[in-house]
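Okay, so subunit A shows up in both of these, paired with subunit B first and subunit C after.
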Partner chain A sequence: MASIYLDHNATTPVRSEVFDVMEPFFKDRFGNASSIHRYGQDARAAVEEARARVAGLVNARPGEIYFTSGGTESDNLAIKGTAYARKAFGRHIITTNIEHSAVLNSCAFLEREGFEVTYLPVDEFGRVDPGQVEDALTDRTILVSIMHANNEIGTVQPVGEIGRIARLRGVCFHTDAVQSAGKLPVDVEAMGADLLSLSGHKIYGPKGVGAIYIRKGVEIEPTAHGGHHENDVRSGTENTVGIVGLGKAFELAAEERESEYRHLSGMRDALETRIRVEIEGVRVNGHPERRLPGTLNVSFPGAEGESLIMSLDIAGIAVSTGSACTSGAIEPSHVLLALGRDPRTALGSVRFSFGRDNSMEDVDCVMDRLPGIVAHLREVSAAQVPG
Partner chain B sequence: MYSSTVMDHFHSPRNVGDLPDADGVGNAGNPISGNTIALYLRIADGTVTDAKFRTFGCAASIAASSMVTEWVIGRTTEEAASIENHTIAVALGGLPPTKMHCSAMAADGVRTAIEDYRSRHGTVRKD
Partner chain C sequence: MMPATTHATVRGEDATAFAFDPSVNRLPPAGAKVVVAMSGGVDSSVAAAMLKEAGCEVIGVTMHLWDYDRVGGNAQFEHGCCTVEDRNDARVVAGRLDIPYYVVDFREEFERGVISNFVSEYVQGRTPNPCVACNSRVKFGVLLDRARELGADYVATGHYARVALDDTASDAGQADRLVLKRGIDGNKDQSYALWEMTQEELARTAFPVGMLTKAQTREIAERLAPRVAAKKDSYEICFIQDRGHERFLREWTANNPVNTGEGLLAIEDPIRPGPIVDTNGQILGEHRGHPLYTIGQRKGLGLAAGRPVYVVDILPETNTIVVGDDEDLLSDRLIADGVNWHSADAPAGEVRGQAKIRYRQEATPAVITPCEHGVARVEFEYPQRAVTPGQSVVFYDGETVLGGGIIRE
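So, the complex of A and B:
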């Protein structure tokens, strides 16, 4: 049976080059980076080397990078940390209705705490209009949080323009770059970002480690209080193993970014073309050009997403509906609803996300199975398809 | 996640289709934003003699629809009408808690189809 992994936006395997640099830190180089002795110094040097690498990738200074447990923690820190640090200046936050749940639920939490949140709509391709950001800004706005690239549909936002608008008004700008880092250029200066979230496991690094960029001078209230680690922004003994892996993963991703972009977009475009030609009535979700290179989200009206995924899984092909964080829920994807899809079309959507180990043969293998699976599920649902 | 019985009925659903001259038709589920079933029953002498379904939905709802056709064939309308929400989940070897509504939808399909049959046949009860 085939064994094809097309769910790289959910997570990726650790590359062997990354694993190799991590391995010594499990046992022999186990020191606490805060310790003064040589064990601690060794760990500290490794952590700082990784920090410099991550900083270089996003055009930041090493002192502006703080390690966290991952994208969710970085998003929480950016949003709640800014809200609590700046609440004396105002209690208004601007975001979009297609953000990752780490952002949306942090904002929902702050609404319960008395903050006001504006959720901007997106167009049919999932793009935010920077003019709407400008119009939504008030004298009480303290933060704009808009993701760089969407995890479900891959649409890339005009973050540079949004960052300039926020900067002109003196408002902090946060962007979640968890899906884009390593795949697209991520430059905090070009983006005008004051805060930026990163994760390791989307780019062949380990799970459980991420980072946040905090522009020098931007104040953040910590969400975890403790022993003053990470310059008091994020207490907790540094996860040396994970941090070393994250640094290596970012280094490799930066080196290979351009060739990988061509590799991923080539496979994605081939699959998209074949699906459009060989399966009737499909709809591709996301922006046709301004999109992550390996991401393809397609609606198959008449077939339900979980059934499609289970059938593909039986055939040895691993994909997902929307984001893995919501696949336990029955509700249609909030991202697809925001594009204006009707709920039942949204329910019949699948995300294919390619990675470095995929090949054109995988595209052929998917197309050997997918048309039959869609036809079968449409047969099962025949009388149930609206219109 | 799913029992082998669920996977079997999902992968090879029984009795997919419709009965153009069905004696009772049951539509259930949420046609706006969720899973839906159309269940078609043929009934003779108070007994269900054939059943077909069309379902839009997740693996559990397709498996439940397939199972409910097997469960209902051969039962009297009285027996069919007394189906409980968990009946099909039990027959499937259990469903995850978040999927119990799929079992309930299949049961709703049976109850609605029997109601449809009874309303078409007035108060005349052959059983």
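So, the complex of A and C:
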């Protein structure tokens, strides 16, 4: 049976154009970007070219982009780095309860270190009310961290408004743009962002590389200390191969963003419509309009969650749900729980995330298999005696 | 487009094919969808490999049953639950076999059906066997349900036991009747812990390694995943990894309500000191709490009686331990309840066979008489030592399991 990959919010394959520009840097152009000699100069030039490309995509200056190992490191750097650099001004942080775990767990770590964190709730569509951000600000607030677009339900936050509110109060604003960069316009000026996290592998770049935008003048304490790389913000020999790939991936994403938006949202809308029409009692999670173009999150009440994901995988449809705990068992998504779904419904929810290689045929393929699987699971679980 | 994987085979070039004879060990037909409970150990890894080799559509599943957070005793400071290493081994084996692999979360069911029952039995003065409860309530309970959801007709495990066509079935209507049999390897036989299985469950179950010796199993595992083949067998109760039986019972009863036979209750101090008496009621000393003792126990009584004495009775109502001589432990009969007969119907009259009263003990000749309400009387040909309430008694006719029950008295 043909298998269909619909989990692009988890990761994407490296595009061949990206792979091609990376390849020489594995062997022939292997220099250390910090070396003085020709080898180093060659690598350095490639790194700086990539930096300029990434800066261009988010409307920043190259000197404001720092390369990291990925979204998680960028989030950690933004949150802990700001907290430690600004703790003399206060120890209060504002975020939401639907952030990525890199943000939530950095905040939880800081709470153990004596910081105070306000976790703002979201409405039933997963949107934060900017008014609540304003109300939560205190004289001790040093950072507001609210994601641009949610990885599980795709809901896009009113970051521009939130950024303005934070700026008026002189509070640093961080946004995690890992899911939105390359899919939606990401402009640090329009957003009023002081810090912004980016990742390579969500947009057909390699894994293990990301970047953080740090507005000029914003001070952060590094989390890794070493040989003064990346202007002392992030020490460690530059991952030239990855950085070159990241630069190319961002360049391509910027060029194709508008056409890709239409492509992704077309497939998503078709699948959403067919699921609503052909399967009874479903519920779509996330904001109906303000949503990532390729993301569709649907609850199938009455169908056992673990079995649903397993059955879809066995049927050749790669999607995702909740998050895997350390054992690999599925736990209900904290995002869906924050929307007010009960744990059972949250477990019986599926995220379809489309990518550039998908087509309308894939939508048809999913609809050839999904309704039967849901019907079977509902039938079987209705027949089981609970307990 | 799926990732390319190498396909491992279970047989070496020179090995002969397994005998897939349904009267020896019935395996699912080629093409059948089978969920294999994979622990990451030798036996279940080989079970998965054999079924894959037999042409079944195999789905590997590891059951997440408990967390250290809940059961304590994390002496190795391992992360999370069960053990991460075992699961990673299972993933490696699944990868080599090129089969899908998932972890299912049965923590709730395991706690309700196995752990709570384990504690409750001890508090009521009995000595439970949690593996029996796990097999019937989890493996052939919720896991079978899960298999049905996945459209799988069978569940397979790495037990040393067999499911076979009943060659004694006489009626035409009984032609597909199944029996549970001992594993071929007498030293490894695990049929004892499976006596609660019903005909319906047997029909959907496969025990591929039941037709192998442990040595053969290891040999196959060696070709499949040497790391797994080298693993030691586990004999401990899985959720008490530190063997801290007393620690576990004390912590659990301090933090959770316990079923005392009259519903779930938070009981104060279920494990508290009480008297040790002899068979005449004479007080000889003090015990540390009756749930910490079992029938036949000699060590750890802290008595200077001048002769070996053994626990011969546990009286939970008065928190009393009764000790006596070796002869006081002997009994020539027992009463079991919750009795299950694999052939669906209880036999009409008494049955001559063998009875096995604990996992590590041979079956011994006995006459089993079914009574009403799932009760049976078992009379041994030779008196048996330390018949322990809460343990299972399993009835055999040679290789075949006839049924079993829980020892009451």
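Heads up, the rule we're going with is that the second predicted complex is superposed on the first by the 373 of 387 C-alpha atoms of A that agree within 3 Å, B and C clash if a C-alpha of one lies under 4 Å from a C-alpha of the other, contacts with A are read in each partner's own complex, and residues count from 1 in each chain.
By our rule, a contact is a pair of C-beta atoms (placed from the backbone, for glycine too) under 8 Å apart; a residue touches a chain by one contact, two chains touch by 3 or more.
Only a predicted model underlies this, so the values are computations on that prediction, with no experimental measurement involved.
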| item | value |
| --- | --- |
| Which of subunit B and subunit C A:Ala382 touches, first, second, both or neither | first |
| Touched partner set for A:Thr11, first subunit B, second subunit C, both or neither | neither |
| Subunit B versus subunit C as contact partner of A:Arg344, first or second or both or neither | first |
| Subunit B versus subunit C as contact partner of A:Ser235, first or second or both or neither | neither |
| First, second, both or neither for A:Gln132, with subunit B first and subunit C second | neither |
| Which of subunit B and subunit C A:Gly302 touches, first, second, both or neither | first |
| Touching partner for A:Asn105 - first (subunit B), second (subunit C), both, neither | neither |
| Touched partner set for A:Pro332, first subunit B, second subunit C, both or neither | first |
| Residues of subunit A that lie at the interface with subunit B and also at the interface with subunit C | 304, 306-307, 310-311, 314, 328-331, 380-381, 384 |
| Interface residues, subunit A side, partner subunit C - complex | 3, 5, 304, 306-307, 309-311, 313-314, 324-331, 376-377, 380-381, 384, 387 |
| Parts of subunit B lying in touch with subunit A, wherever the complex brings them together | 2, 7, 10-11, 13, 16, 18, 31-38, 54-59, 61-62, 98, 101 |
| Subunit A-facing residues of subunit C, complex | 1-2, 59, 62, 64, 79-82, 84, 87, 100, 102-105, 112, 145-146, 148-151 |
| Interface residues, subunit A side, partner subunit B - complex | 302, 304-307, 310-311, 314, 328-332, 343-344, 347, 379-386 |
